[in-house]
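Letters A, B, C and D mark the chains as written, and numbering starts fresh at 1 in each.
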Amino acid sequence: MSRSSEKLGQSSASLGEIPTESNLDPVPMHDVQIEPNWWWKYRQILREPAAEFAGTMLLVIFGTGVNCQAGLSTNTGVASSPKGDWGSVCLGWGAAIALGAWVSGGVSGGHINPAITLAFATWRGFPWKKVPVYIISQLLGGIVGAGIVYSNYFHAIDIVEGGRGVRTLLTAGNFGTIPLDYMTNVSCFFSEFLGTAILVLVLLAVLDSRNGAPPSGLVPLVLFVTFLGITASLGMETSFAINPARDLGPRLLTSMVGYGKAVYTFRHHYWIWCPIMAPILGAQVAAMFYDVFIYQGHESIVNRRGKIGRRLADMV
Amino acid sequence: MSRSSEKLGQSSASLGEIPTESNLDPVPMHDVQIEPNWWWKYRQILREPAAEFAGTMLLVIFGTGVNCQAGLSTNTGVASSPKGDWGSVCLGWGAAIALGAWVSGGVSGGHINPAITLAFATWRGFPWKKVPVYIISQLLGGIVGAGIVYSNYFHAIDIVEGGRGVRTLLTAGNFGTIPLDYMTNVSCFFSEFLGTAILVLVLLAVLDSRNGAPPSGLVPLVLFVTFLGITASLGMETSFAINPARDLGPRLLTSMVGYGKAVYTFRHHYWIWCPIMAPILGAQVAAMFYDVFIYQGHESIVNRRGKIGRRLADMV
Amino acid sequence: MSRSSEKLGQSSASLGEIPTESNLDPVPMHDVQIEPNWWWKYRQILREPAAEFAGTMLLVIFGTGVNCQAGLSTNTGVASSPKGDWGSVCLGWGAAIALGAWVSGGVSGGHINPAITLAFATWRGFPWKKVPVYIISQLLGGIVGAGIVYSNYFHAIDIVEGGRGVRTLLTAGNFGTIPLDYMTNVSCFFSEFLGTAILVLVLLAVLDSRNGAPPSGLVPLVLFVTFLGITASLGMETSFAINPARDLGPRLLTSMVGYGKAVYTFRHHYWIWCPIMAPILGAQVAAMFYDVFIYQGHESIVNRRGKIGRRLADMV
Amino acid sequence: MSRSSEKLGQSSASLGEIPTESNLDPVPMHDVQIEPNWWWKYRQILREPAAEFAGTMLLVIFGTGVNCQAGLSTNTGVASSPKGDWGSVCLGWGAAIALGAWVSGGVSGGHINPAITLAFATWRGFPWKKVPVYIISQLLGGIVGAGIVYSNYFHAIDIVEGGRGVRTLLTAGNFGTIPLDYMTNVSCFFSEFLGTAILVLVLLAVLDSRNGAPPSGLVPLVLFVTFLGITASLGMETSFAINPARDLGPRLLTSMVGYGKAVYTFRHHYWIWCPIMAPILGAQVAAMFYDVFIYQGHESIVNRRGKIGRRLADMV
């Protein structure tokens, strides 16, 4: 996510805004590179979707991977001793988001989360025309990542489920999230809303050169710490989707490989409201809070100069 | 907390001190930005309190959150297997302080702790007139953060307490700290004093450009490591308040939502002496040690030039 | 690994490519240093192999070391309480690769993995003539590292094996990897392929100045996070060799110190296919994916200008 | 430890060596600061010893602190559930060395270890005349740090020992190291030698601007990772002293507060050979390896130009 602030900054350059420091960013120089061969121009189109795809894929591989390893290995048929504890679950999820962001940060902005893409489009001038491609890439990354993890762990899943090809909600929760029994849907919505709001609040602060921004290229380290905390402190109740693509992608995969409709129908279609709607709303509210009370950058819609001053970048 | 050293540095500029390196800090440039709309000037007033509020809120959300998740999930009615171990408690508290500092560091200095605000005011020329607003913001952040965590975990608290709305000291300790039974109050005072003194000693060293200062924006990473250590090494006996707002805020919240007066009256009003007074005193002593023996910056009161030289900044 | 991108960049300088930012890299200046004594010129030859040797040695010391400590200490004859849990296994492996890379990164590029050396030679113009020396150095590092760990833990191995000098596959798996019983060889191949592909994908992204590259000297921190995740999320099934030298070196050592042929012959010579071939192939595929879809640097073979434009550097 | 390389570099400036990059280091500028009051000149003398004292004190507080918390809390009289696991022990020791180095790195070079001070004096021109003051400061820091931890945990020690003031080797091992029963002294020596050699090898590599050096101020982060690994991978057998001051300081403290002579006399005065001599020797050998095979800096004795060229700095 390390370059998204500069990208957003560029779109307001025509307003004569005082530029933020350049962070020695070589992007403009790279943009004028000559094309060495016929493939180059295709890659220029494919780079951003490929980065979002790869980033979300990594997020889901490490995230659902640690769910599977820690969850399945408590069965003594799977492993002689548990290959996970809650500490390793924290580390796995921390690595998941950090590596997803490192793989894509400088190319696509490293959203790897539809809720974040939508919040940036709403509040910070990220181009709406890119939103569909981003979200489709993220969702595909989620499906493929979950498929890779499923391929990696299906032997162990067979053992835990008690037979080859038996698939129930017992192991489905390692992919698409399933909340604890006693949680009401309202409480689940609150929990998902909260986690995403915190993620976006932190992200906006560390992308803000007027706040606690770390050196370029180290924003994923902050996300690592953020997910250590979310997993340790707010992860128990809903298994923290916090990201529609991270939840829907694996859920689609499970429905395709034999888990059936059960992954959608439980709890009155839980999957729509809590892991999809709550993160999107949480991201919006957190971005609003940050921009209204703290953010001074002119690319925020809170900092526009009234009707006439609406920046030209919006019309592009 | 990444900018506080520069802010303090500015106040001594009129003394003709040789300036420290600028760290490419864009703050002065930002300060002259033009106002795009009517809201801008209100935000200029609200930014620092909002940042302290948000930072302390995050600290308390992650901190009391991991207390709740790890503590409550040992009950098999809450979760089929524990969703925390001491390793995850360390990670949760480390994330708590790091994310609190990242969210507020560049705006307010990222104190998120009344003991630190008071130590900076006493020893380093932080303006006393800002102290009340900072402390109130921190305390509000502590209350709101604890309220959010309580809202998130009240179902699980009901299960552990054995009934809807039953609230006892059994779960209160996940919010305001309660020490181990056999600890004397003197020992608790010592433990809280010690933890805060270490925190302030480390903080002053990494904010000191003549000592081990990391790149701007990475001071919260040091705090992450610091709280990993405090939780792992010094956390058992008192549950490490180390911060009056982190303790009093959640304690006020618990007294409001049904825990009653018990959270104040146990151990002869423990809450005043150990989680409030000891951190304030520990921060003062650590700052004195660092400034007397190591610090060379002229904003320290130890480095003033006698009566006449008292800097003008104090009079502002 | 922090300097490898610049080294590769130098080889294309004659093509008039627009240079990437210099990262304040002092390498060229150092290259003209005067020789102070007769030994200097020998060291110039030995530096790169020595760095690869030391880096791989450290990787294997920490990696097989944590396997031994966590695995052996579950025996109450070895330690009164376990001196490891899966969280510490993650931390040990994360430290292993990070410290291996920090020790060698600026000297040899910090490959410490034949699969990575081969991928860089294939896709990024790393000189093929250096490949044999690199791989031999890595393999020697693996043998020596495993020998050091064996020397350190042979008392405990005696206790677990039930007698002095008794050596079986029971403890061999702490050195050369042995997969879980129920895993098919195809699944093991997939798992090793996957882990290495992820490692290389992340590595290429963080060495790419147009993507999420952290400051020079902090790439090993990304590898730390990567191995936290691989250990936590994908480590259970094959014990994640991911590196032919990390697996074959320790395996050779075990065959020499008394474990005999069993470390080779189990599962139809598993050791060749899964820990050696799969990582090499995984690294190639990941590099191809990254260069085809994302990478814009001209040192990639995907970005050459057709037959005539093949760069001179290849002929050197 | 972040500045030690520059300090050493200065001593060879008179030889006309090509200087390494300055890392934007403001030290020289600070050295000419004017004295604001009478205390300033005393602090100039006290700064380095105070930094070594404070750094070693922090190392011992966090290190022996996590030993005490994790070890004592397995007793159900001390805490209702364990307040530590091996993951938290790793984190506590990682924090210990990192915070010790952050507190002292820019002032004294952050040795906080007599073995490192001696290795720098032998191989890199650290002034021998400073060595005694450094080692005394480190030892005092070790004693005071252990005293603080003892004061913090004596209630819990009483419970574990079974009576007020009862002190045996049962809890002494939380302060001065005691190896596992079955380990021979030769194996213990090897283990301590190995750990220190690895620490010094890593340290010299990350202080070497021609190798994997991270940004100034982040060397302690590498030490954090190093001790995560040493604790996880090589910590079981001897409890890893790796540092004469970290072991002898706490051992002296225990002998003073009631543990008696037993902390010295067990195993034929183990305390001299393994925790003191082995680290000193290990540091020397690692420094020799690094300087002979990899290091190119002219301050190393391996890189001097014969008798006549011996640098003047040595005579100062």
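In the analysis below, a contact is a pair of C-beta atoms (placed from the backbone, for glycine too) under 8 Å apart; a residue touches a chain by one contact, two chains touch by 3 or more.
The shown structure was predicted, so the numbers you read here are calculated from the model rather than taken from an experiment.
Visitor: List every chain that touches both subunit A and subunit B.
Guide: C, D
Visitor: Which of these, B-D, B-C or A-D, makes the same contacts as A-B in over half of the contact pairs?
Guide: That would be B-D, since it shares over half of the contact pairs of A-B.
Visitor: How much rotation, in degrees rounded to the nearest 5, is required to superimpose subunit B onto subunit D on the basis of Cα coordinates?
Guide: In degrees, rounded to 5: 90.
Visitor: Looking only at C-beta pairs in contact, point me to the busier pair out of B-C and C-D.
Guide: C-D
Visitor: Since subunit A and subunit C are copies that touch, just let me know if over half of their interface numbering is common to both, same, or not, different.
Guide: different
Visitor: At what distance in angstrom does the C-alpha mean of subunit D lie from that of subunit C?
Guide: Those two chain centres are 29 Å apart.
Visitor: Take the average of all CA coordinates in subunit B, do the same for subunit C, and state the distance between these two points in whole angstrom.
Guide: Subunit B and subunit C have C-alpha centres separated by 41 Å.
Visitor: Multi-chain contacts in subunit A: which residues touch at least two other chains?
Guide: 85, 87, 89, 91, 215, 218, 221
Visitor: Which subunit B residues qualify as touching subunit D in the complex?
Guide: That would be residues 17-18, 20-21, 74, 85-87, 89-91, 180, 182-184, 187, 190-191, 194, 198, 201-202, 205-206, 208-215, 218, 221-222, 225-226, 228-237, 289, 292-294, 296, 298, 302-306, 309 of subunit B.
Visitor: Write out the stretch or stretches of subunit D touching subunit A in their complex.
Guide: Residues in contact with subunit A: 85, 87, 215.
Visitor: Provide the residue numbers of subunit A that touch subunit C in the complex, in ascending order.
Guide: Those in contact with subunit C are residues 2, 24, 26-27, 29-30, 32-33, 36-37, 39-40, 43, 46-47, 50-51, 54, 58, 61-63, 65-66, 68-70, 73, 78-79, 81-85, 87-89, 91-92, 94-96, 98-99, 101-107, 110, 148, 151-153, 155-156, 159, 215-218, 220-221, 224.
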